[in-house]
Amino acid sequence: MAKIKVGVLGATGAVGQQYISLLENHPWFEVSYVAASPSSAGKKYKDAVKGRWLINKDIPKNVADLVVEDANVVEKALGQCNFVFSALEMDKQAIMSLEEKYASLDIPVVSNASAHRHTEDVPMLIPEINPNHIDIIPIQRKRRGWKKGFIVVKPNCSLQSYLTPIYALIKNGYDISEVILTTMQAVSGAGYPGVASLDIIDNIIPFISGEEEKSEIEPLKILGEIKDNKFVYYDKIKISAHCNRVPVIDGHMACVSIKFRSKKPAKEEILNIWQNFKSEPQKLNLPFAPEKPIIYINEDNRPQPRKDRMLDKGMAVAVGRLRECKVFDYRFVGLSHNTIRGAAGGGILNAELLKAKGYL
Amino acid sequence: MAKIKVGVLGATGAVGQQYISLLENHPWFEVSYVAASPSSAGKKYKDAVKGRWLINKDIPKNVADLVVEDANVVEKALGQCNFVFSALEMDKQAIMSLEEKYASLDIPVVSNASAHRHTEDVPMLIPEINPNHIDIIPIQRKRRGWKKGFIVVKPNCSLQSYLTPIYALIKNGYDISEVILTTMQAVSGAGYPGVASLDIIDNIIPFISGEEEKSEIEPLKILGEIKDNKFVYYDKIKISAHCNRVPVIDGHMACVSIKFRSKKPAKEEILNIWQNFKSEPQKLNLPFAPEKPIIYINEDNRPQPRKDRMLDKGMAVAVGRLRECKVFDYRFVGLSHNTIRGAAGGGILNAELLKAKGYL
Amino acid sequence: MAKIKVGVLGATGAVGQQYISLLENHPWFEVSYVAASPSSAGKKYKDAVKGRWLINKDIPKNVADLVVEDANVVEKALGQCNFVFSALEMDKQAIMSLEEKYASLDIPVVSNASAHRHTEDVPMLIPEINPNHIDIIPIQRKRRGWKKGFIVVKPNCSLQSYLTPIYALIKNGYDISEVILTTMQAVSGAGYPGVASLDIIDNIIPFISGEEEKSEIEPLKILGEIKDNKFVYYDKIKISAHCNRVPVIDGHMACVSIKFRSKKPAKEEILNIWQNFKSEPQKLNLPFAPEKPIIYINEDNRPQPRKDRMLDKGMAVAVGRLRECKVFDYRFVGLSHNTIRGAAGGGILNAELLKAKGYL
Amino acid sequence: MAKIKVGVLGATGAVGQQYISLLENHPWFEVSYVAASPSSAGKKYKDAVKGRWLINKDIPKNVADLVVEDANVVEKALGQCNFVFSALEMDKQAIMSLEEKYASLDIPVVSNASAHRHTEDVPMLIPEINPNHIDIIPIQRKRRGWKKGFIVVKPNCSLQSYLTPIYALIKNGYDISEVILTTMQAVSGAGYPGVASLDIIDNIIPFISGEEEKSEIEPLKILGEIKDNKFVYYDKIKISAHCNRVPVIDGHMACVSIKFRSKKPAKEEILNIWQNFKSEPQKLNLPFAPEKPIIYINEDNRPQPRKDRMLDKGMAVAVGRLRECKVFDYRFVGLSHNTIRGAAGGGILNAELLKAKGYL
């Protein structure tokens, strides 16, 4: 089977690099097109990222010599790739319209950017939670007059560590009404150069601009449903998030307290649900799907970012410390690799789902 | 005025060293006696801590040449000091009985150890919150047949960052019914050698043995009252604590969500209460009392451990980010220096209160 | 005595902030004028540094409300200050000419910038080593037609940790012919935001642009002499420097191997020289002068940046581990606080020397 | 081909764990026997390391359930394994005699311990440098009356980053007479718990007990030759090493200055030698042999521990920054993974060489 040709927009940035690295030897996709800001346009990819290649592996050989194009000149992509991953770093309005232009030219956009996350006909996907949200694509196309193009997005990296464990419980009939959580997020989440070392060595920063809002609101769309051709947000859960930056390279962790609406499962029941949780990506056997989306670790002092972030290629959520809560019902700790599951790896899994479902 | 002679038990450990350093040039107290484990006994203090002096200042000259005594041989302290700070590191039962022996010999014990924290006639003090709990001392003495000796303790370092701000609100008539919090605690809280660097560089450990229980239960005694000659715990608040170890040298931080029982103050009212909060140590003008027990910082991204832990000599609680909570009523971030306010500095403030009130 | 009015150019940058903080309550100097880039001009100082004040103490009250002027508009400084500290961050050529303009307006410039370090009539001062180099000031003034203005500079922060110990030996008649050293430099040396946390957590960067050259060449001017109205560089020593960036907040450390030309002192003799070394700043009792410029620490594993960088207010050089070298004659470890002794504190000491000698 | 059965002595320690993890799925060797201190004896391996398994991968399944034996009871190993890796952590004398006991029972010992490094008939191997030193094994056996048993050791982890690049030049006819180097060594080199976080966060320790001596002397044996049935040390090179501990998890780095005896190669020649350097492990195509023992990185600011330590499975030496030296001839930076190449991986490569040469 010939591989599907893929473009990466924002290919020289931190997330763009991660895409290019993770897609090396991908069984279905092959990077054939890289685009970035005008200042990189015209350079070979390897020259454009010289001195700021952040990945601890070499630039894949098939990409190193690709000539970077200007991501703003949408027409350049025509015929060069079947769809694009968008890791654009521009202002929100610019990204919105640029992603729409690609889609209008029959180039589907699988995006990491936050611009379209709350657009009413754009699905925000975690394939283990809301794979059926891609059913809005025909509606999106029709409304916008696009034939083959469409836009899907992924949510913020911060919520990957707690939303899947929460969803698994809801799906099994245990409604959760209230969640209070605190995240401890890695510096790689801020991109490059991102967090200054003077700000974070021997320190914690108890604030990440916009992060708490995303952590609280995005889950509601993901847990929502399509109704009258648009997304209706889930309104049965309230989430409060404290977001902190910590001196960790990769891996976002969350300390989570949950309250059930009425029925409260036994601890063993929760563990059972998590350990057996599988969803569409596992059924479809998607290449980037973790074998088990949720891996529960029994040791008292786990999960830990450095030790557990790479579980199942960085695509699983590591969970531990499930115990009763003095105020709510239960507490637990979740961990997810923010630049793999929470960024490029998550985007690739979205594309794999779309391919398996015939949209790519 | 001649200074009061003071002994330090467990003088060679991390907290003992902090006592000795902070008491240098104290206006009221003077270290005249140092005791530790048998292995240190007989050595000059400077030799006993050689190669493991942890403080970034020299050993005070008047202590460097003191000969370390065996803390187990209680009689040695007779006539050498008027009272002792206990920073003993032994098993709980041994500390309990040893502290009682000192007290029985008319040597009051101002302790950092957790052994007597829940003894029914021993006050656990935060001088800004429950200074009146020292009123139990006559009862304690009477019951135990001690003339001048007594035992007071201080609570765990983890709760200093959130309990004073919470108490200030309760004291002003705003009852708080539920608290969910997550701490991010410095490695110095684990003593020395404490946390292995292999465990904490580029990492977080979401577990500290016994810490969550202390963080949840100790506040209830501190907020409690004396009734029928013993402490009755406060039962109107429920606290849930997630405790994490982070790669920070000093300074415990907490992300706190609070729910008021009925009356919910406006944000401005809370800020007003905190900024004007003063208590007994401030009124008595105790040497180690911070001018303002709670310092509210307006910047979005504060407090931060490295930048704010030394506010007012490390004795103030730094608070920031007061904002509404999606689930409870409000959220904020608190920070307290764990080895100063949370350990030796807190113990010294306890002794100052006791001195001012005539118990020492 | 009325204090001398002082201006700070580049007042909003990392070094400028350090000047303003260290000059609080200075017995001789008072900050009366702050200038920075046009983007800060017109704002109150406290607003200009809002969100990027890097010092762990509050902005001095007398400076917080000063209005920041545009450093390029030299005339603004007239009448506002008696001399300026230059912590300008611009390209080299721009700094050179701007500093000259201030001097030409009778405003002496005590600079941290590297621009004039190798100008033939500008002294590069470490007051303990070459205080007599200020004798070139009358020549500088005459040649340039300046009446009261002049320019002096300080050397790079990296060499403070090894040059004073080396000079003390040379001054005592022990010529050193070869030096090979490796520095481990703190992230604060790169300014703010400076080194990205993604580059330095769990990592070392074995390269700092331009730093090795400065570390090798600047000492030669400092050890040189005035001849024919200009500086002649010392040519009897060869220095090789490897410079590394390490995950340390403050404090540059150097591992140094030295070879004597002919006469090789005994170890005791070297220790004796270092421990007794005093120079002009100590004789003049300058406010920022360390009591002992070189503090030798006997413990095997010292000096260490976090533990020893603040020795004598951050102005002393901490030295340790003097021992024989298998290849050269001796080896030792030196440490100096890079933002105090190596930057603003060093500049202040320069100004104090100039004041004591009648140039300010 | 049936795999060779292998025992690991000191199997529960940091290096022992690394052996067990690296040997998972080894094409030639299979762990069949694990031994440790009496306190672990009798437990399943997974229970013996519970709570202190340091590797970020699961315990290999075939080892998890092996029962740990007491390493002191040598006879237990008989029939259980064909040879042992020794990662014993005991006092030197105890290790010496214990390793000899295994050898005397026809169980060859491939050791990481330092005990026998300077025993005159025991080879200290870096397979790329002195593979022929195994020729002493028949002599060793004969002298000691062992039939099949023997002892080989590997050198200290600190010298792997500079000795191979130096050897490559010597081998090509460029004699090096003097080397001055500074190491920056990772905390994992100190084992577990090893370096306390309170000692190393925001800090450097300029001392590692015994490390400088090892770094200076062990290379002389490795570069030496067998003469009169014992090793004669190379005496044509003098090495001076400064050894520092830095806050890095894995990867020892060295800044190296070298002086050639007479003939000084051009820079291009050195690069050429390094890039083409191959030796016995590469010729024999040993499973753990890096394809290129020396990987030169052209970027100015490389190698870096976090980014380059895993080059070629952690078995290659990363080298960079070759440039002229102001005092000696050249300078460069070397990096080697201390727990893989410098410990268990290096031991495995030794065993592979011995197997390929018929000794196992």
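Residue numbering begins at 1 within each chain, and the chains themselves are lettered A, B, C and D in the order written.
Methods note: a contact is a pair of C-beta atoms (placed from the backbone, for glycine too) under 8 Å apart; a residue touches a chain by one contact, two chains touch by 3 or more.
Predicted model, so just to flag it, every value in this text is computed and none were measured.
Novice: Counting C-beta pairs in contact, which comes out ahead: C-D or B-D?
Specialist: Greater number of contacting C-beta pairs: C-D.
Novice: Using each chain's Cα centroid, which is most distant from the centroid of chain B?
Specialist: So the chain farthest away from chain B turns out to be D.
Novice: Please tell me the distance, in whole Å, between the geometric centres of chain B and chain D computed from their C-alpha atoms.
Specialist: A distance of 48 Å separates the two centres.
Novice: Hey, how far is the Cα centre of chain A from the one of chain D, in Å?
Specialist: Averaging C-alpha atoms per chain gives centres 41 Å apart.
Novice: Between chain C and chain D, tell me the centre distance in angstrom, where each centre is the average of that chain's C-alpha atoms.
Specialist: 43
Novice: Touching two or more other chains, which residues of chain D qualify?
Specialist: In chain D, 201-202, 247-249, 301, 306-307 touch at least two other chains.
Novice: Tell me, which parts of chain B touch chain C in their complex?
Specialist: For chain B paired with chain C, touching residues are 50-51, 56, 201-202, 249, 299, 301, 306-308, 310.
Novice: Note which residues of chain A are touching chain B in the complex, please.
Specialist: Against chain B, chain A makes touches at 178-180, 182, 184, 201-207, 209, 216, 238-240, 242, 244, 246-249, 253, 255, 257, 300-307, 320-321, 325-328, 331, 333.
Novice: Of all residues in chain A, which touch chain C in the complex?
Specialist: 54, 187-188, 192-202, 247-249
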